Amino acid sequence: MPSVSMTVNGRAVTGDVEGRTLLVQFLRENLSLTGTHVGCDTSQCGACVVHVNGESVKSCTMLAVQADGAEVTTIEGLAKDGELHPMQEAFRENHGLQCGFCTPGMVMSAVDLLQKNPNPDEGEIREWLEGNICRCTGYHNIVKAIQTAAASMKG
Amino acid sequence: MQMTGQYRIEAPRETVWEALNDVEVLRLCIPGIEEIEKTSDTSFTAKVRAKVGPVSARFAGEVTLSDLDPPKGYTISGEGKGGAAGFAKGGAKVSLEEDGAATLLNYDVNAQVGGKLAQIGSRLIDGTAKKMADDFFSRFAETVGGAPAEAGPTPAAPAAAPQPAAPPAAQEPAPEPSDADVGAGASLGVWVTGLLVAVLILIAIFAL
Amino acid sequence: MYDFNHHRPASVEDAAKALTGASDGKILAGGQTLIPTLKQRLASPSDIIDLGGIAALKGIKEEGGNIVIGAMTTHATVAGDATVKAKIPALAALADGIGDAQVRNRGTIGGSIANNDPAADYPAGLVGLGATVHTNKRDIPADDFFLGMFETALEEDEIVTVVTFPVPEKAAYAKFANPASRYAIVGVMVSSGPAGVRVAVTGAGPRALPPRRPRGGAGR
Amino acid sequence: MSDTGIGASVKRKEDFRFLTGQGRYTDDINRPGQLYAYFVRSPHAHAKIKGINKAEAEKSPGVRAVFIGADMEADNVGSLPCGWVVTDRHGDPHKAPPHFPLARDKVRYVGDHVAVVIAETYAQAKEAGETVEVDYEELPAAATLGTALSSSAPLVHDEAPGNLCYDWVLGDEAEADAAFAKAAHITKVDLVNNRLIPNAMEPRAAIGEYDGGTDSYTLYSTSQNPHLLKLILCAFVLGLSENKLRVIAPDVGGGFGSKIFCYAEETVCTWAAKKVRAPVKWTGDRSEAFTSDAHGRDHITHAQLAMDENGKFLGMKVETTANMGAYLSSFATSIPTYLYATLLAGQYTTPVIYVNVKSAFTNTAPVDAYRGAGRPEATYVVERLVEVAAREMNIDPAEIRRRNFIKPEQFPYQTPVALQYDIGDYDASMTKALEMIDYDGFPARKAASEAKGKLRGIGFSAYIEACGIAPSAVVGSLGAGVGLWESAQVRFNATGTVSVFTGTHSHGQGHETTFSQLVADTLGLPIENVEVVHGDTGSIPMGMGTYGSRSLAVGGSAISKACDKIIEKSKKIAAHLMEASVDDVEFDKGTFRVKGTDKEKSIAEIAFTAYVPHNYPEDLEPGLDETAFYDPLNFTYPSGVHIAEVEIDPATGMTEIVDWVAVDDFGNVINPMVVEGQVHGGIAQGVGQAMLERAVYDDGGQLLTGSYMDYCMPRADNLPSFRVGMTQTACTHNPLGVKGCGEAGAIAAPAATINAITNALGILSMDMPATPEKVWRLANQHAQAAE
């Protein structure tokens, strides 16, 4: 059984996994980081989005062994010292979530957007979110939240 | 899905008919065949490995011949179970026409896929079924007729898909007009429409 | 998913060796098609040869008037690369329209063309731009590379290493995406460059092809 | 208004845990020693099970047990019931063929449950599952609604000849015919209400657990109504004592109706936990959700509207065929009848309405409530009819609606289809919506679009909803097998904080916040001091759960009543503590005062003494903990007007929603932010139905849209930002004056969208979903016709 080592939310972790173990399974089952969710099996819903080496990826479409040696950030690693990340805060402020299931992936995806494009317009935000499905909010408040976060992160 | 096609085989009808009933010939022609065994004069069991891109599924099943009308044709039908992938079943009505010294083989295939493959792979089913039928009949024509087969496509629908550049081939998998609104490749209309529009957009871009 | 042996070779040679040595080996590039297929248990390879550890397969450079893209370069990298954007903006736009942001962060050009999905974007890009596919064994012009639905000229133990694109005078890619899967219902790459005017279409048939009668008399 | 009181957009209390990955959904829960279940499902739409060979699976690594229908039968496990009896036009109950959790003799849809494999890991269970050999004799399938009732259709159940579940009528056909005979104009439409798959983002999951020491069970489940699930499982399916089953529905990732029902999987996990003496966990994947969650909608309707020469409605006749799927899901029968036909009056004074609904069994997944449940279908019929009528009569679409609106002075208004609307002001919503969309400016906007080569259209939908699903007496008289009241317990802790136990369930609606606001405001407490507890039958009073936009109107009213009881009891305590008469004690903002004195006690002080009653008199009971049950007098009737504006590119058929105005009357509003969020989500689902979503089975009963590759979910780039406005007429019969808001958007949006698209295209009708291909064809057909 292959052994993998990676840094997850700043913490070095090691685990024995099968070749077929998905990154999301490793996070949820081995590390009990259950904030990352699985909402589909065809890599479309985006509930499982985490950052690997700083980029958003679908952790259900990546093997744990592929993340060997990587820096992984999950929703649990976003808030620092009990302080919500500005994106989390903006989601709360703008009611960008309802049932909360798609939220971790949505937030991680949105954070990656602002890394790449700190000043996106509404159309760019909507297009970026193509890989994240939310059934509750109609996206209206998610888009608002990302705009708010963009403004607050600019400072 | 349904599809039809025609092959001209450079062999007399009797020869073609015999080949159609010869397990050894079928073994050579069925794409992905791993095992085939005759269980009676009109039936055999087979194991086939179907590979479509990343998908690779083993189907085990039975094939039966019916409506035997030697040497004019028969109906070949079968059903295979593919475990997690689901099942595939279908049949082909094959008729043989004499065309001078050669034979025209007409087929009318009816195929259905069920379970997981239908559920998540519907966009690829028609193309795959068509490809497998073409593979079979072109290999068959080649095996029996000796030379690469000459294709005479008789499309069920107006051929919208681009034609391949090189033989051997019947018509390319023209997707069947289907009821699904959303599947890629779900509807012939969408393809034609989309193609035209995309070409028009590009022409507009180039005209600038 | 069925279990498999995982290999992470450090060179293309080792990867080819692992592939030859496996009873039913499969190359893993970005994995954005292969992993969902494995999850659905629609394939059960004995061995997975993960190219993620081969640094030489990544990256983009300009060389002899061509844009040279390593097989393991992600769509996001191609889409965001300054050289590609300057020299072949149509190719950057094509890469930027594949799947979604997360798929683009993992999916690779080599994986896409080796898979040759009939609705994928890159095959039309390669044919429409007159690219050449380089493997560990040979160089294959794009026109000869894409054979049919999911079929390429690649042999069993052949691995795509690099794709080179001649820089066209101008080019454009347009696609109609399936609203659900976002695969191309149809995508068209048109270019005018060293190889003349080229048109290639994906989605509308089993493989990326020039249309039967290119408009305006353009042809290969 | 305080910044956390009723009417304030308080930020949600539940968000911190969801935003930091600390939500606790069923799949996040793991029980010691748990095993994993994998369901072997039918790949066929219709087949006889001739035999099942499970020997190899039983020998597979890690496998503890493989169960099939016969094993459940041997344990006398019953059929999953349908809880609502619909009486047909001849006075007979609907046909109710059995629905066993694991199929016995036959499978009837793709995804039907055939066997369950229980193993130490999920992978082991799945691998073993593939070795279960089922010998099927395939049968022809009745896969499409259009042909299911024909005499040549294969029979889904022997118990239901002709595949007919019921043939039901509402209204008087002769009266309707008489109204039509007088008509100056009759508008006819043929509509298909496309079948939808709910797709809550969290797939269903369940963990069944058995405690041998107490002979009791715990079921963790993704349920919208844990008590109802408990009741059904115990009383109808598993034959357990109700005191021996605890159902916990923790955080649930969306429901939209699909998690109301009692499903095979949770039944099997509960039952099997005792068989294998270990917790049994099942987590569905999306593929399973597509095939085996109850689907929604799926109607074929022919409707007619009779009018006088001024466009005044004289009568309506509606014939609908509704799909039930292969088995009756928990409430399936009521959706196309009592939740559909009764809404066909809409906001209008149509005096006579006659409805005939035939429900059919087909070899497809069961169909039941999905967001709006019957009411979107009704609104689609009414608002398409009205729109087509306006175009045929050449009357402005807003004007024809205004001419027929029920006027404010006509309330309470008895419709010809059994409902009594308590209050509303439909004209007010229309006026506000027209202002917000700048209706007068539409011709100029249309011209501007045309100058760009685009087609612009505007579409109205004036919807009404009957929600706050209750009252028990009414639903009981209509055949419901349950009461539809709601419960609440408001429990003061000794230190002055409050735990509120509600029988409703929150799976995105924000109850923890809204209910806290309600309690904090009513009792004069800081909102942080209020905790809302839901979802655990072990701790909450029996309640009926959340669906049909009932939580605030019914559940919130129960909380309000419990708070009243708290205040009443507190007054007695205050009177004792301040040595005054109860009648002299007044309560205001958390403080009890003796009239005309400066004596006062805070509610926290009262609560403390209630639990430390060192000097209570004999007749004063300690404790401050009150439970209330609330059974309303009527449904609530939210209403509103949605206006969509679209722009179509005739060259591509691409439709863009360029503006959306929603003006809704939800009565009094506790948290406008939460309410607007509900409206947004509802509109998105309605637009999804109108433009993107459609479940497609092929003629053989295979689901072709079985993943997100083919079933098109609305995504951010399919939708605009919405403009939401409100008008208010307070509900007359609940203590809060509130109505329901959860389904409004999904009810209003399909008609608004299709009305806008057909308006842009200059045609009368088209079927949903309005995909680019369809729109392109119609746009070009239209262009040709115009040349």
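As written, the chains take the letters A, B, C and D, and residue 1 is the first residue of each chain.
What we mean here is this: contacts are C-beta pairs under 8 Å (C-beta built on N, C-alpha and C of every residue); 3 or more make two chains touch, one makes a residue touch a chain.
Fair warning: this is a prediction, and the values are worked out from it, not measured in the lab.
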Once every inter-chain C-beta contact is counted, which two chains account for the most? A-D
Just how far, in Å, is the C-alpha centre of chain D from the one of chain A? 29
If you average the CA atoms of chain B and of chain D, how many Å lie between those two points? 45
So chain D residues touching two or more other chains come to 123, 130, 287, 652, 692, 707-713, 771-772
What are the residues of chain B that contact at least two other chains? 83-84, 116, 120, 123, 182-184, 190, 197
Overlap residues in chain C, where contacts from two or more other chains coincide: 1-3, 38, 40-41, 176, 179-181, 183
All pairs of touching chains, please: list them by chain label. A-C, A-D, B-C, B-D, C-D
Along chain C, where are the residues that touch chain D in the complex? 1-3, 40-41, 176, 179-181, 183
List the residues on chain D that touch chain B in their complex, please. 43-44, 110, 130, 287, 290-291, 651-653, 692, 694, 696, 698, 700, 702-707, 709-712, 769, 771-774, 776-777
Quick one: in the complex, what on chain C touches chain A? 1-6, 8, 28, 31-32, 35-36, 38-40, 48, 50, 52, 76, 80, 99-103, 105-106, 181-182
Mind listing the chain A positions that touch chain D in their complex? 20, 28, 33-42, 44-45, 47, 74-76, 78-79, 84, 88, 91-93, 95, 97-104, 107, 122-123, 125-127, 129-130, 132-144
Which part of chain D faces chain A closely enough to touch in the complex? 11-12, 14-25, 27-28, 123, 199-203, 251-254, 256, 285-287, 507-510, 673-674, 676-677, 680-685, 707-709, 713-717, 719, 721-722, 745
